[in-house]
Each structure stands twice: as structure tokens, then as C-alpha cells.
Amino acid sequence: MRLLCLNANTTPYVTDTVADAMRAALGPAADVVPCTPAFGPAIIKTRVDNAVAAHGVLDAAARHRDVDGVMLAVSFDTALDALREALSVPVVGMTEASVAMARMLGGRIGYVSMGRAVAPLYAETLTHCALERDLAGWESVEAPAAYRPGDKTAVDRLLAAAAGRLAEAGADVVVLVGAVLAGAAARVQAASAVPVIDGGAAGALTLRAMVDLAAPKPRVGRFALRPGGGLAGVSAALGALQPPDALQPPGALPPPDAP
Amino acid sequence: MRLLCLNANTTPYVTDTVADAMRAALGPAADVVPCTPAFGPAIIKTRVDNAVAAHGVLDAAARHRDVDGVMLAVSFDTALDALREALSVPVVGMTEASVAMARMLGGRIGYVSMGRAVAPLYAETLTHCALERDLAGWESVEAPAAYRPGDKTAVDRLLAAAAGRLAEAGADVVVLVGAVLAGAAARVQAASAVPVIDGGAAGALTLRAMVDLAAPKPRVGRFALRPGGGLAGVSAALGALQPPDALQPPGALPPPDAP
Amino acid sequence: MRLLCLNANTTPYVTDTVADAMRAALGPAADVVPCTPAFGPAIIKTRVDNAVAAHGVLDAAARHRDVDGVMLAVSFDTALDALREALSVPVVGMTEASVAMARMLGGRIGYVSMGRAVAPLYAETLTHCALERDLAGWESVEAPAAYRPGDKTAVDRLLAAAAGRLAEAGADVVVLVGAVLAGAAARVQAASAVPVIDGGAAGALTLRAMVDLAAPKPRVGRFALRPGGGLAGVSAALGALQPPDALQPPGALPPPDAP
Amino acid sequence: MRLLCLNANTTPYVTDTVADAMRAALGPAADVVPCTPAFGPAIIKTRVDNAVAAHGVLDAAARHRDVDGVMLAVSFDTALDALREALSVPVVGMTEASVAMARMLGGRIGYVSMGRAVAPLYAETLTHCALERDLAGWESVEAPAAYRPGDKTAVDRLLAAAAGRLAEAGADVVVLVGAVLAGAAARVQAASAVPVIDGGAAGALTLRAMVDLAAPKPRVGRFALRPGGGLAGVSAALGALQPPDALQPPGALPPPDAP
Amino acid sequence: MRLLCLNANTTPYVTDTVADAMRAALGPAADVVPCTPAFGPAIIKTRVDNAVAAHGVLDAAARHRDVDGVMLAVSFDTALDALREALSVPVVGMTEASVAMARMLGGRIGYVSMGRAVAPLYAETLTHCALERDLAGWESVEAPAAYRPGDKTAVDRLLAAAAGRLAEAGADVVVLVGAVLAGAAARVQAASAVPVIDGGAAGALTLRAMVDLAAPKPRVGRFALRPGGGLAGVSAALGALQPPDALQPPGALPPPDAP
Amino acid sequence: MRLLCLNANTTPYVTDTVADAMRAALGPAADVVPCTPAFGPAIIKTRVDNAVAAHGVLDAAARHRDVDGVMLAVSFDTALDALREALSVPVVGMTEASVAMARMLGGRIGYVSMGRAVAPLYAETLTHCALERDLAGWESVEAPAAYRPGDKTAVDRLLAAAAGRLAEAGADVVVLVGAVLAGAAARVQAASAVPVIDGGAAGALTLRAMVDLAAPKPRVGRFALRPGGGLAGVSAALGALQPPDALQPPGALPPPDAP
């Protein structure tokens, strides 16, 4: 099973951190391919960064088509729906996977993310997770050391403290949100009275399940492959992802989502 | 990995059908243990049936504690939260697992269930799935042959027709709801323009992921183990599940869920 | 008017407490019949307890069919929908009745329940009350003395203090949640700046109204009497409640509840 | 028990129709006092009519203070919250009472109202009923004969047909919406497969329950009596309802309803 | 462009305050016509006041038909829908306009209103604004000096402090709610780290846009002109607004709003 | 007043169409500057197109900073929040403006968009409009002639027919969704029984109101200017929009949006 570890930032250390966590969760049976975009933000800090990162991650995915599944190694699940539309293999966002697994433990979920400045973006980018259903609380930690190699003791202490506050506030499970936190749940679990989940293991295990489920690409509907609108000024690989000359079969699409 | 295939009906054919689908999805690495309750309804048809089945499934689970995870082999996810509270291993409902995987394919979900008479019960029992988020439609089929061994051609034809109607009505993925439909998705997939999922494969693959995630039992909160209220007139095994003399650690529980 | 006071716990003192409150509210015109299940939890403290209690209360109801209405004397409204489906007389939950009357006073509702450990269960069991519509707050009191005969002064002091905190937090009316609190509203009302309601009076008065309304049992739909799925291992009385051989009239049921 | 039957239209025939239905439901123990406003619309047909009717019904209520409870005999529940704020006795809207009782029968509710032109107003005026929770459908009938004395056979036939359509569309109970339909449920019940409720009986029985509950007027909060803003150009009775010179006790009101 | 500045209180100082703010926002191109009702509350303080004010504002509007648009100069948007139904020119509520403009700045909205006693009314009267979508907080200030001519330094200091607290609590924009606060935003803006909006400028600018849009009066639907129900005891002008003898064209109205 | 007409497609005819409609609505007082991105899709047809278009529109905006306001001339309101975060002048999406103005006419809204294939994207991109609040229906028309210069008679006939169907289905106002439909509302209005709005006039009039409101750029919160995450591989203009070296003032951002 060949799985793409697809970052949306351009910082290779983050990509490697997620890929390592995926390998730790899946063992040798899976071949994890790290992939860092050719352009975009070093780390997503603003909506502008996230918008450019969406372009970057699509470009990178278009260059790596020979995989059985894609794990989106960015906690904002950036460009998730676009990837699902354009690719024929399963695509799993690391945060959506964490939330889905947390829900199967029961109760309310607490979240810990990196950097107070970026925290409000999650409410806008994770609407597909319907966080309001069972939200117990949200904590931000400031831990720049997480983004560079080296000792994580101080980072883990901050994470554990945040998890503890969330458990006291009513969280029955804690999700660590942040690509660079992949692998951290195992390190801080012992200090927490409730389960702690990160997107590295959760995303990898969920993606393996999706690949094994082997659901086919839909031939109709919102996520069928569709002809594009004629992209100009993009890479050849990306331009080839949704060729504009294809014909949309008549009647193949549903009516718009009347809420 | 030893997994309990825990039915809530008392019809062994249904239990076996689900267990076979789990084995087909997981291969030899998993040891699937079929389990049918000692009392309750042959098939859940009413709210009274479902209430008694909840007791029956808890009784059965209490007698089979030597497993690594529990797959609830009943499409109503009967007693799911009670099992999660009382057990220390992962518990996955076959319908919640189907819905979670369907959501990771994108778009709106159509449902096919067995028997028009029982269809309204799903709205009451699956509230944890928040079906309204992305519901495309619901179809019922009348196929008593599904409940007995033998040829399934006629059953599959009804299922495929229902899936086709749902895809036309805007479903991007179809979930087959019904323990006895475990394994049917693979049979009807070829006839469908959109992916078809059943709770046998989806539940088994999701449970494997949950077991591999190895999240610990919470020590506090809504799903920590709690002392029971003194059960009388139940089996010794069930009575031992939540001994009433245990002490609740002070401050261990969150405030009630203020919506 | 002969009314069943149907407890779901097996503690007769609780049953008697509710029955007394019903008699106080209705006077001699109503004949209140106390009924305690033959098995189940002494007091519901966990989801497992509540699941077994649902079986117990259905069994008890099946043994007492000669009444004009049923008041469910348990604050979780345990098995309420199953009773409504199986019986032909009105069934009223003591908490749903309290909430309905509180809403007719206007404003936001504060709740006081017994025991912090059990408080989270209410959010799961009272979904039919849509508590989030007008929730002002929720308080838990620890008052074991409420469960045994004798002086209630200390209990009432705790209840009054909790009601006071809720009024300060924006509650316009306070509902006492707990079968054993039937009758307590009248005792603590004088100390409260806002109305206080308990399920004894509210449930009894509402049940009387429902019996006098004399709405017939529906012949079709979600609450029509339906054939059961073949219960085994239950009491003869319960087995007779929904005989499995009955025929469902064609077209008699609605489509599933598409949310 | 002295109960005001308070119409918001100025058509006495409607007032009398509701009062008769109340008497039929309550028997001789209740003294029903019919009350028709001195000004306003003959029948509410527009938002302007309803706005003026709110003034009219408050004026009428201010002139009839010697009652134990008020039944608002208008299906829009016009000025319901204002009456609850200004009066110290229970006030029950005939539609809210119908909905509350229908919910205690279980399932989904269908509605039949008078006149297609006025139907959209109900969505705006009945927000306190949260109709969307369990709405099965809405039917309008055109039956001017309902508004004048005489034979109701044709009216009842239309109502029964509408109720039948709603039951087929998934309604488990039907509510007749319209003051002038008070008493009609009993006439059309025999023709319906599901229970039919009108606001005459439902309102009267609910008001009796509220009066017997004897909840006191709140001294603080959203429905405490408050000083008015200095009404000019209104009747002396209405002007006296909320004298402007009263002092609001400090801290007596909650913060605004943050949703 | 001739615009009615239509107050619902009977205090001319409030009307003039709003009219001045409108003129400041629109300059000489617009002719602002102040209008104070002939009866009703000096200042709306209760639900009864607001109900009578609805009648008063409709009466006043009926007397001033020669305008191109109506700005409802009362922060409760009193009788807004009735005015829209009865008039053929645009009608804009000052609070709905403020909310709409605030939303186009992005983020969450904090509100400051006048008088803690009246704050809960906003939740009931502003349902058309769907405040819960993006509510950051609500503050009340007690500033009687706002209602009389003279120095506003103390009032502005209270407003600025409230705005500051809201910004700290997560508001990205602050809306001043209160007709008498028209013009205050410009005075307190310098002291605020986030934009501050009041209904004087926001309402005037929005109304100008609506008038320039020149959308015609709908000929069918919920806001088409409809015959009234026969108003008696009202002014001749108001009685003429919706003559009862008009004929409703068949099929002209939609089905009721099924939520 | 200098206003940017900022398209997200790369088809200049669309840009010009919107700019013409803006000029028609605003007259000579406004200087409308058409702007077409340097790269991206000719017409947005897929999620991939829209993601690339977000990058393209940000790049284009970064090159045109000398304006008083930005009208986003694309019906998906592509990159709206990112533009609001990065720019200091008002930014208005043409669809959000249409919806806001439609809501001030009252009732339910019907939508007409271009191309059935693209219709489902609107539900994902217009979440900030909360369309479900008052949705009456959605119609798609297939009218390729709209995208090229020349006679629009056939296009307008399709639009008018769709608007007519929506009015019959309960729409009280119709919004034309599609940048290329700017100006069409005026052409089809005469054929419609309800008001018809397009994003050209609505967007221009709303933007003028926002510019005149003159709300300052927030200094704190979700839409304050923030340092970027270090964009690489983008244009110099875009890279300069959010320089990464800026310092975030401590405590300047709110907690994440806890729903």
C-alpha cells in the first residue's frame, strides 16, 4: 500500500514529522511517500497563506499520481474537497480523521492547536467536521520549538497542560491539531486522564481503512471527475488534472445542495 | 487481534453474516468471535424490541470480556453508549462506522434499509450520527429472503435499484443499513454509479483502526467506568460489569452537557 | 380516572414519593396506582442501569394494563417512546411535562438534578425535550438524604440554593429533575424569586389533561401498534404486548424521518 | 376557576366558538368568560392586522383582571409574551397548547389552518413553538362558512380531507390551527386514522393544568413585572398595566439572550 | 431622494437624533423627513410598550406615504415586516442594516445596547437578524443622559468601555443598538480597536442603496399587498392602508413556510 | 470613489460585464477599475478551478492597492475572507451583497445560477451567506451565450422562466447568481412577479455604502492585518501583502471560534 504524505506547507521538517508518525502507526506494510509543495507558505499563518497553500497542494498532488491513497498532512485539511474531486484514490484529512476517531470514543472533544494567532482559522476551514456538535473547548499553545528538530520536552509539557485543562473543562477526549504535532499524542498520553489523539496516527489508520474499503470513484455526482474551466498559468501536471475538453454526461450532476 | 462480532438480535444467521463480512474485510490477521444474545427479539421491529435488545446485548457483552474490540453487529447501534461506558476496549457501531467512512468520500449520503415498518426507528436511534448533516434520501426495501440462507439475487436487485434511485436523487454515496446486509455492498457495487458501503466491511475496518490506535480508557468524564446503581434481577456477568460499591473519585465528572 | 405511577428504578420509596405528589396535585378524583419494576437498578446511575431499567419498566407496564393513563415516574423519561408505541393510553414523562409547563411560563429554564455523576446522562436521554432551546443553566446537588424517608430540610436547602444560583444566572423558571424530588417544588418555592416546578405535580396535571383530551390511539404511523420482532426470554406479559404474528397493514407507515 | 377566553379578533362569533369548546372540555367546574377586543381587525388577515390586534388584545386583557387564568383565543398566539409579562396569572396560547399536547402523543405533527393567504404568517408568529422540530406538513383550507353560525358539514369535510392527506404524508397527529376551529377536532376525529387536536380543548385543559400548578409570578427575570416606558394615547386600563414610575430593582434582570 | 425617518417611540428628541445622523451620512442629496408617532410609549421598555408601538408606527407610516423609502428609527425594528407588507417603497430597520454591514467587515459581532432591563427584548425582536450566527457578546450600558439634549461625554465613555470589553472578548466589530445612539459610532470610534457601527449611518446608507436598487413591489408572495381583515377603531389613514374589499388573486400566495 | 471590479476568472468579457453593471448602478461619481487575474481558470467549473482562482484573485488584488474599495466580481465570493484580512479597504462579494439586499425585501429567496454542473459548488462556497435561512429554491440554466458578446434575448428568456418557476415555488425575491449575469436583472424584471436582483447593481450599491460608512481597519481580532507565514514562489506583490517579519502584538487575537 503506497500512501502519499502530502503537506500543504513548504517546510520539509513538518512533512517528515508526519511521515514518521504514519510509519509508526502502520508499520512496514505501508510505503509512505513524503511530499512537500514547490511553492506556498513555509507555515500557514493567515487566510492568504492558506489560499496559496491550496494551490500548492493541488500542484503537488498532480505530480504524485502513483499512490493508493493520500493523507493530507496539514491540520487545516486544506483543499480537501478539491483533492477528492480531482483524484480517484481515497483522500483523508488528518484533522477530520482525528475527529472521526475521537467521536467513536464517546463524549465531548477538546482541541489543542499551535499558536493563538492561527486558531480562529480552524473554525473557517474545518466546517466539514461540524465541530460544534460535541466541542468541549479549545486551547492554543505557543511552542515554536515544535517546528524544528530537537528535544520536545518543553513542547510536550505545554500540550499535556492544555490537555489537562480541557479534561477539567469537560473534554472526554483531546485532539492535537497541527501537522507538526503528529506523533505527540503517544508522548503526552501518560500524563492525561483522557485519551489523546493526533492526526498522524489517526490519519494513517483511517487512510489504511479507506484504501482497504476500496470504494470506487463515483461516476456521477458532486465528486465525480469533471472537466475543468480551462486553467492557464499553472503547471502542466495541474493543468492535466481536469482537462477542459471532457464532456459532462447529461444529467450526471445533482441539483445544488438546497440546505 | 480478537474482535467480538456482537449482535443484538437473537438470530444466529444474522450474526454469522456479519462475522463473515468482517473476516472478508480483515483477512486472517483478525480473529472474529460471533456472539448472539441469550434473550431478546429475533429481529428488532419495534421500540420495545430495541429496548429489550439493549439489555440482551449488554448481557452478552458482559459474558465476553476477553476481546480487543467490539463491533456492534446491529444497524441501530443499540446500546452503543452503554457499551462504551462499561467496557475498556474500543466499541464501534456498524452504522456509525459506515457513515464516518461515507463522509470521507465526500458529498451527500443515501441510505437503504430493510423494511418500511422499521425505518422510522433509525431517526431515533442514530442521533449520534447527525444524519441530517448530509442526508440525500432514504429508501426501504422489503426483502425477507435476506434473513435466511440461500440465493441473494433478488435481494441484491432490490438494493441496487434503491441505490440507483438515491444516486439520481443526489446521493454521492450509498450506505446499506442493516446487519443482515453485511457483505452486500460488494455484490451490488458494480451496478451503482456511486460508492456503496455496508456496515460489515466499514465496521470491521474502522474497529481495526480503533484497536490499533490504542487509546486508553478514560479515567474521568462521561465515559469513565462508573459504579452502577445496584442492578437486581440480571445475570451475574452483567451485574459484575459496574459494581455498585466502587467509589466515584471526587470531581471526576464534568458538568452536564449544556447544549 | 385511574393513573399508573410507573417508576423505572426498583426503589419503592421513590415510587411512593412520586405517587404522593401526584395525589397532592390531583386530589381524590384520581386513583393513583404506584408501580415498581420487578428488576433493574435500585437507582439509575449509569447508561447500563438505564438500559436495563428500560426493559424493567416495559415489563412492569405490561403487567398493569387496566389504567387510563401512565405517568412515567423517572426523571430520565426512560422508555417513553416504547411505552407510547405499545400502549393505547396516554403516557407522560415527568420531565417532559415539567419542561412543557415551564415553557408556558416564559423565558429560560434552569435545571436542578440529583448527583453530579449522573448529570451528563440527561443530555442523552432528554433529547425529546430539545433542552438547548431555552436552557439557562444546570445545577447538580449531592443529597443522599433525598432517597430515604425522613427530614428533608437539608435537601431543600441545597435545592433552594441551586435554584437561587440559576435565577441569578438568567433562569426565569427552575425545574427540579429527579423522581425523588416530586413534591419538593412546593417546599422550596417560597425561597425562590422565580417559579419552581417538579415532575410530580407537573406530570400529574399534564397526564390528567392528556386523559381528558381523549385522543385515540393512532391507527397508522410511527406510534401505531405494530407487531413485534419475536421476543424470547422475557415475561409472558411483556411478550404479549406486541404479538409478532400480527400483520402490518400495507402502506400504513410513513417514510423514515428524513431530518 | 374563572378563565378568560380572550380573542384578538373583533368577531364575537369566534369568541363564542372558543368559549363553547372550552366549556365542553372543562365542564361546570370552570367559569369561562368570553372577551372580544374593542378595536382591531374583524379577522386577522395581514401582519398589519396582527400588529393592531396585539394592541387590542392587551387593551382587552387590561380591562379583565379578575380571572385566574387567560386562554388566548387566537391561533397566532398574538401578544402572548406581552400578556405573560404584564399579567400575574397563567396565560396559555391555544396553538402552543395544541402543539405541546400533540408532542406528548409522539411522532410528527401535521397542521391544518384556515385560508391559504394567511398561512405564511404562522411561521412568523409561532416561533415559540419551534414547529420545525417535528413538522410533517401544513395544509390550508378555504372554508368561509366556518366563520358564521350554521351547518359545519362542508367545513368538516375539508378538514377531514386535509387531515387525511397529512397522515398519508407522515403526520402522526394533526393539529387544527384557527380559533374558529375550536371544537372541530371532536367532529372530524372519527374520519381520521391519527389523533386530531384543536386549540379549544387543548388550550382549556392546558390552562386548567397551569392554574392548578399555581406557579407564582416571577419576581425577577424576563417575565417579572416591569415598569413601562410611559404609554400615551392608550386606554386608562392599559396605561395602568405597567406604571412607568415603578423602580426596577438593581440587578434584577438577566443579560440579554446570547444565543 | 425623500426618506422617512420613522421612530416608534413618541420622544421627538430620539427622532431628531436619528434624522441628524442620517443627514450626516447622506449629505444634501437626501431629504430626511422626521416622523414621530401620535401615540405609544415615550421609550420602549417592555413587551407591552413594543406591541403598542407597533400600532403607533404603522399609524404614522400610513400618514406619510409620499416618500421614496422608510428608515425604521427604532432599534427593535418594530413592525418591520408589517411595514414591508403594506408599503410599496423600501423599508430598512436600523438594526438589521447595522448587522448586515457589520457582517461585511468579517468576523464576530459585539453589541452594546441601552439599559439592562430592556436587553432581553432584543433576542425576541431581532430574530430576523439571526444574531446567533456570529455573536461575540452583548453589553448593556445605563446612560439616561443619552435621551436628553446636551453633553454626551459621559455616555460616550460608557459606550467606548463596553466596546473595549467586547473586543477583548472576541468581537471583531461592535454594533451600537439604540435609536438614540445614532451618530455615536463616529464619536467613539477613535477609542476602539475594532470598527464601531451605529444604526444612523448604517441604516441611512443601506436605505439609499435599497432605493437606488429600485426593486419593484412584489405582485405575489409573502410581501405582496394583501387585503386586510377589516380594521375597526383605527385611524382613517391606517384603515386605508390595506382595504378589506380587495380581492386576492387566486394562486397568488405560496404555501406556508414549512421550516 | 475609486472601486476595483475584481474578477476571479481570467475571462475579460466577464470582468467588463460586471464593470458595466457597476457603472450603470453608480453613475459617474464612482470610478470603476476592471481587473482580471493573470492566471487561473477561464471560467470556474470545479473545486480545483476555484482553489487556483483564489490564488489568482489575491495576486491581482495585491497589484491594485490604490482603490477605495473592492467588489469581488465572481459569484462564488472566492477568497473573500482572505481579501478582507489582507486589505484595509472594504471588500464586498457580489453574491453576499445580493443576498443581503434580497433579505431586506422580506420573505424567501430563490436563486438562478449558470450551469447545472457547477451548482453544487455554491453550497460549499457561500456558507457565509447562511442560505438555508430563507431558501425557496434553486434553478440552473444552461446558457453558454451569456459568456460571449452579443444578443442576450435567449439568455434572458431562460432566466425569466427560471425566476417564474421560483416565484411559483414560493420565492418572494429572486437572486441571479453569476458574475456574467451582472446587469441581467434589469432586463428580466418586467417579466417577473417578484423582484429580481443581480450582483452587479447589488454589489456596487453595497460597496458604495461600505466605503461611505468608512469603518476603519480593525487593529485586533480575526480580520486585523497579520504577519504571513513566509510565502515562496508567489509574485512580489502578493508576497508583500502580509510580510512575515511583522510582529503580532501579544494578546491581539481572540480565542478560536468555539461554535
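In this document, chain identifiers A, B, C, D, E and F correspond to the written order of the chains, with residue numbering beginning at 1 in each.
Operating definition for what follows: a contact is a pair of C-beta atoms (placed from the backbone, for glycine too) under 8 Å apart; a residue touches a chain by one contact, two chains touch by 3 or more.
Keep in mind the model is a prediction, meaning the values are calculated, not measured.
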| item | value |
| --- | --- |
| Mean-CA-position distance for subunit F and subunit A (Å) | 28 |
| Rounded Å distance, subunit B centre to subunit F centre (Cα mean) | 45 |
| Numbers and ranges of subunit E residues touching at least 2 other chains | 81, 85, 222, 254-255, 257 |
| Category of the chain touch graph - line, ring, star, complete, other | ring |
| Neighbour-by-neighbour ring order, given that subunit A leads and subunit F comes next | A, F, E, D, C, B |
| Residues of subunit E touching subunit F in the complex | 25, 81, 84-85, 90, 92, 96-97, 100-101, 103-108, 128, 130, 133, 136, 167, 169-173, 189, 193-197, 201-202, 205-206, 208-210, 212-213, 215-216, 218-223, 254-255, 257 |
| Partner subunit F, residues of subunit A touching it in the complex | 9-10, 38-52, 54-56, 58, 79, 81-82, 85-86, 111, 113, 116-117, 119-120, 122-124, 127, 131-132, 135, 137-138, 140, 222, 226-234, 238, 241-242, 244, 248, 253-259 |
